[in-house]
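Same chain, two partners: chain A is paired with chain B first, then with chain C.
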Partner chain A sequence: MGVYDRALEIIDLEVKAKTVSGTAELLNIKELILDWGEIVGIVGESGSGKSILALTIMGLLPKNVFVTKGKILYKGEDLLKKDEKFMREKIRGNEITMIFQDPMASLNPVFTVKNQLSSVIKVKNPKLNKNEIYKKAIEMLDLVKLSDPEMTMNKYPHELSGGMRQRVLIAMALSAQAKILISDEATRALDVTIQLGIIKLIQELGEKFNLSTLFISSNMALIASVCKKISVLYSGEVIEKGNTNDILKEARHVYTKSFLASLPTAGKKGTVLPILEGNYPSILDKPKNCIFSDRCPIVTDECRDKKPTLSAISDSHSVSCFKNLDSDKTDKGA
Partner chain B sequence: MGKFIVKRIAGGILILLVAFTVIFFLSRVIPSDPAQKWVGAHATHEQKEAAIIELGLDKPILEQYVNYFKNLLRGNLGISIVSHRPVSVELKEAIPNTLELVFISVILAFLVGMPIGVYSANKENTIFDHTGRVFSVGILSMPTFVVALFLQMLFSTRLGLLPLTGQMDTMTKLMSPVESVTGFTMLDSLITGNWVAFKDILMHSILPVLTLMSYPLGLTARMTRSILLEVLNEDYIRAERAYGIKERKIIWIYSIKNVIGTVITVLALSTGYTLVNTFVIESIFSWPGVGNYIGRSVVNLDYPAIIGVTLFAAIAYVILNMIADIIIALDPRVRVVGGED
Partner chain C sequence: MNYLLNAKNLKKYFPVNKDLFNKASKYVHAVDDVSFSVESKDIIGIVGESGCGKSTLAQLIMGIYSPTSGTIEFEGKSINLQNKKNKLAYKRNIQMVFQDPYWSLNPRKMARDIIAEPMRVHKTVNEYDMDNEIQRLLNMVGISGDRMYEYPHEFSGGERQRIAIARSLSLSPKLLILDEPTSSIDTLSQAGILNLLIRIRDELNLSYLLISHDLSVIHFMSNKIIVMYLGKIVEMGDVNEIFNNMLHPYTKALMLAIPSIDSAGNIKKVEALEGNVPSAINLPKGCRFNARCKYCIDICLQEEPTLKKIDKNHSVACHLY
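And then the complex of A and B:
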């Protein structure tokens, strides 16, 4: 696909926030790659920096949050070097688009669906006339499988259910033929039954439009069912990444393992799910050693001393831990 | 919506009834001698007795109340004790002059205050924002009569640019009198093409308008800024940015519509405050409006006039509140209680 082999390439990205109590380190990502047509999952608990990652790529960071170093390469260009105007006109919506986590709050409450959808279509297709825009809007609503597009058009957001709103938002997100989709916990605020429909829709439309998707979620089961590759985010850092099978079956990092162990599955019925002891490291005063060392049950002096880097243990699988690099012997002990 | 408005009107009438009752009895318990005022200081005892009967002051107070109320329904507000002219006629002359001042002030306050608020929010924590905030808090906290005196001193006494008081120069009144069409003097001078008078009234109104608009202006700017800042942090604004909508459209259309209802509501309510403010300001500027009129009436304890002005103020408040309610009800999210929706 195209001249550029990678859809999105994040290199050595560091994002910090200025707060009243000091500088907070939000993200420190050495490398994150999204290939064309691929769905890459980013999994992590709340506070791990998932949403900040999405907003950094979109260039929509809050005013007190800054990128201190790194690159985000898209089609060979570093998005972090682009100004607001370029991002707005050339990138957002028609190259990279995003679905947000709270459909209840992501539609403007005092405008109709028609108004909001049309203006997104219009801004990216300035040549269309009113009729064509309307037709295109109906087409988009049809595409996201809203049962009565014409009726939905004239509704205000509060007259729609959460699932319907998320479908409208997906229609808005995809109305300008973006190549990359960032889905930031798109189903978080929805009922479980509706979640499935939305996920299927995202997958389907992804295939139809040949989208490369960054699928962000805190739900490991969901990520595993949708994505081919997974990166595990802990306190703003990728601590393990690999193909879905690598992560599910051969997780190396203690954090990933306990994340998986805490998932309720049919086989664990009646047993108490394990809880990882300890707390998240403070983002205001991040440890210079391994960020997980405070909670790690197999911690060594080396971990308290130095910071591990993400190192490959197979072609597809890498982990950021000193102990698990020499694979098998430490594995069972954890 | 129709049902809702009818309900509001009914409620408003009830409020007016209560206001009328309260002001009627209040004016009767104030120690005063209306009959003496009616006949003047040098009248005989018989003349005063006759006046008591003429004014109906010999009747029991409840009967007076009922009579007054009956007259009120016929639009008869009684006779002014000081001028011996019908209060309704005097009010009819005064009210348009006041409304002209108030409307111009509030509309200008909105047109100037709103953009200031928007720019302040947009340039949060810059020099423009800080200056704007200091300015709006400053004029909000300064008593309006101080503003009035300050403006008079600066523009009239020192610089001599604008007239000190009044609505028109005596010369203008004599040479090019304004023909009454609507009763609104400035509007009439415009309609009849009386440019000399129009220019004169305009010059005279600048200082009172500046004084009166200071409060709603500060309020509008502050409200717009704080609500807009909140709205700009909403998820839907972020989503709109994510889909490439222009910042100007996001601010001036998508955010403003979320802001404007609240601002206009507050402005409508502050119009009532502005109206009461004219009571002082018109006295300072000798503007021939309701404020000036009630000033004189209160000093002379001219109770029919006081009741008349109070009713006018109450009606104005009720109408303004109703406007505010209707504006709120226009928001698609609000489901009107008692409406058909």
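And then the complex of A and C:
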């Protein structure tokens, strides 16, 4: 779409936090690319930096967290160099929007849906009159498949169910003509059947409006059924990325393998699930060089001396590990 | 057959719209005529959308609510929760592990006191032996005994859930109710918790009621499944039987709606279940699922189906079978 072939490009990003007990390294991402109309999944455990990544893109980092290096390119411009005013007026909630785990916290409880949705439309289309704005708002609610949009318009957020609130937020994102949607565990608090409706909607919007989505979750099964591409985040670094099938069927990194092996599935009934030894590294005291070296069962001196880079093993699949570059599917799990 | 727990025609209606004389005109039919039994060492998975009554069912069995009608038999004896002494003795046998260990542990108490509290209330262990007992419980759930003086915030999510499990084991119960025990912790810690639950079930001869919406967890853990919809059991049976030969349209739709990956890394195709759960106050006439059912026939609009035995280990409430 347009002259820019990439929706979002994150290059060499480094994010650090100043705390009372020292400097914490939060993110160290060499490259992360989101194409137009594409849904990219970011999977990782809590503490892997998934949410910090989302907040960095939005320019919403807490005061003690700093970007020390790198670029976030959107339409060829580096978002990190923009000032707060530009981010607020042009980017955040306009070109790039975010939906959170708790939709109630993102809607104002004292205004109706009509009020909140109309104000977004008004800012975007200042020439429209009241009636046209109303029509447009109805159209938007229809687009996100809310049944009976006219009734929903006059409701307050507390009168809506979790799934409906999330849909209203997506409608607001769409009426702001957002190009990129960041979904941070947006379906976690929802019921399973409602969750599916939301992810189907995100998929459809991607096809219809070329909306690109960064889909952040810790649920591998969910990510795998939504996204075509997956990046696995471990302690602030992308340790493996590839097409969904590459990750699910031919995972190379020990961490990804253990992650998959630890998922309970029907076939593993009656067996003991393999567990990765060790704890998640503290952000204040990460292992030197290979970030996974303190838990890795096949660690060598090389891993402690040199930092592995994300290197391609096929067109779509890259892994950040010195070992395991040869295909060995039978050795699943640690 | 000797059952550990036998629930017969359990009903729980919550009154709404009370009038001047405290008489309710309408009721929420949270749990409506539910019967099932738990044998020793059973793990029974309960699935359903929110609002289907699974949590109310758990609370009925815990003795938090008393049923509107119906009985609960525990080890062959009917439970009378009006009698305080009976109630205490009964509650010792049934314990619960909650969904979110960030909320279910008191942040101002040390792990030691969290685990000791039930034993102090029920006076099962004296203070002199308390430390040994707590060490034993912590070791059983895989936490080093010398961490008992730490506070909840010093533990990770998975470790907190282990402490909650240790607390629930402190009264040597026979039945544990696990309400979404792993849905708020990470995948890798989840595997550890599931392994732990299976291990202590075998060691201590426990039975579990496992409430979860993660079907892979249910399939991995349980040997029986109960599928609930709007307060009723729609399908029930042996886990392999249900997964290989599910009959009720709701069970099929629910299974299709939940994303999962199999051991070989294949993604299951998902399909949305249309429509919403109807109100539990004004129940639809006939089958409760008729508005969302693809196979709805005339009789479904008129008559409510009853739970019929299809096979030795399989019952379904549907007019189609």
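The criterion applied here is as follows: the second predicted complex is superposed on the first by the 323 of 334 C-alpha atoms of A that agree within 3 Å, B and C clash if a C-alpha of one lies under 4 Å from a C-alpha of the other, contacts with A are read in each partner's own complex, and residues count from 1 in each chain.
Definition applied: contacts are C-beta pairs under 8 Å (C-beta built on N, C-alpha and C of every residue); 3 or more make two chains touch, one makes a residue touch a chain.
From a predicted model like this one, the values you see are computed outputs, not experimental measurements.
Superposition of the two structures on chain A shows chain C fitting alongside chain B with no clash.
By the touch criterion defined above, A:R92 reaches chain B but does not reach chain C. Of the two partner chains placed by the overlay, neither chain B nor chain C lies in contact with A:A17. Of the two partner chains placed by superposition, only chain C is touched by A:P264; chain B is not.
In the superposition on chain A, contact is made by A:V123 with chain B only, not with chain C.
In the superposed model, A:P274 lies in contact with chain C only, and not with chain B.
Once chain A of one complex is fitted onto chain A of the other, the partner contacts of A:T244 are limited to chain C, with no touch recorded for chain B. Look at A:I29: by the touch rule set out above, it reaches neither chain B nor chain C.
In the superposition on chain A, A:M220 makes contact with chain C only, while chain B stays out of contact range. Minimum Cα separation between chain B and chain C in the superposed model: 11 Å. Comparing the two complexes, no residue of chain A contacts chain B in one case and chain C in the other. Listing the residues of chain A that touch chain B in their complex gives 55, 58, 60, 63, 84, 88-89, 92-94, 97-98, 100, 102, 105-111, 116, 119-120, 123-124, 156, 158, 169, 172-173, 175-176. Residues 45-46, 161, 191-193, 196-197, 200, 218-222, 224-226, 244-245, 248-249, 258-260, 262-269, 272-276, 279-280 of chain A are the ones touching chain C in the complex. Within the complex formed with chain A, the residues of chain B that make contact are 124, 234-247, 249, 254, 257-258, 331-333. Considering their complex, residues 49-50, 156-157, 186-188, 190-192, 194-195, 198, 213, 216-217, 219-221, 243, 254, 257-268, 270-273, 276 of chain C touch chain A.
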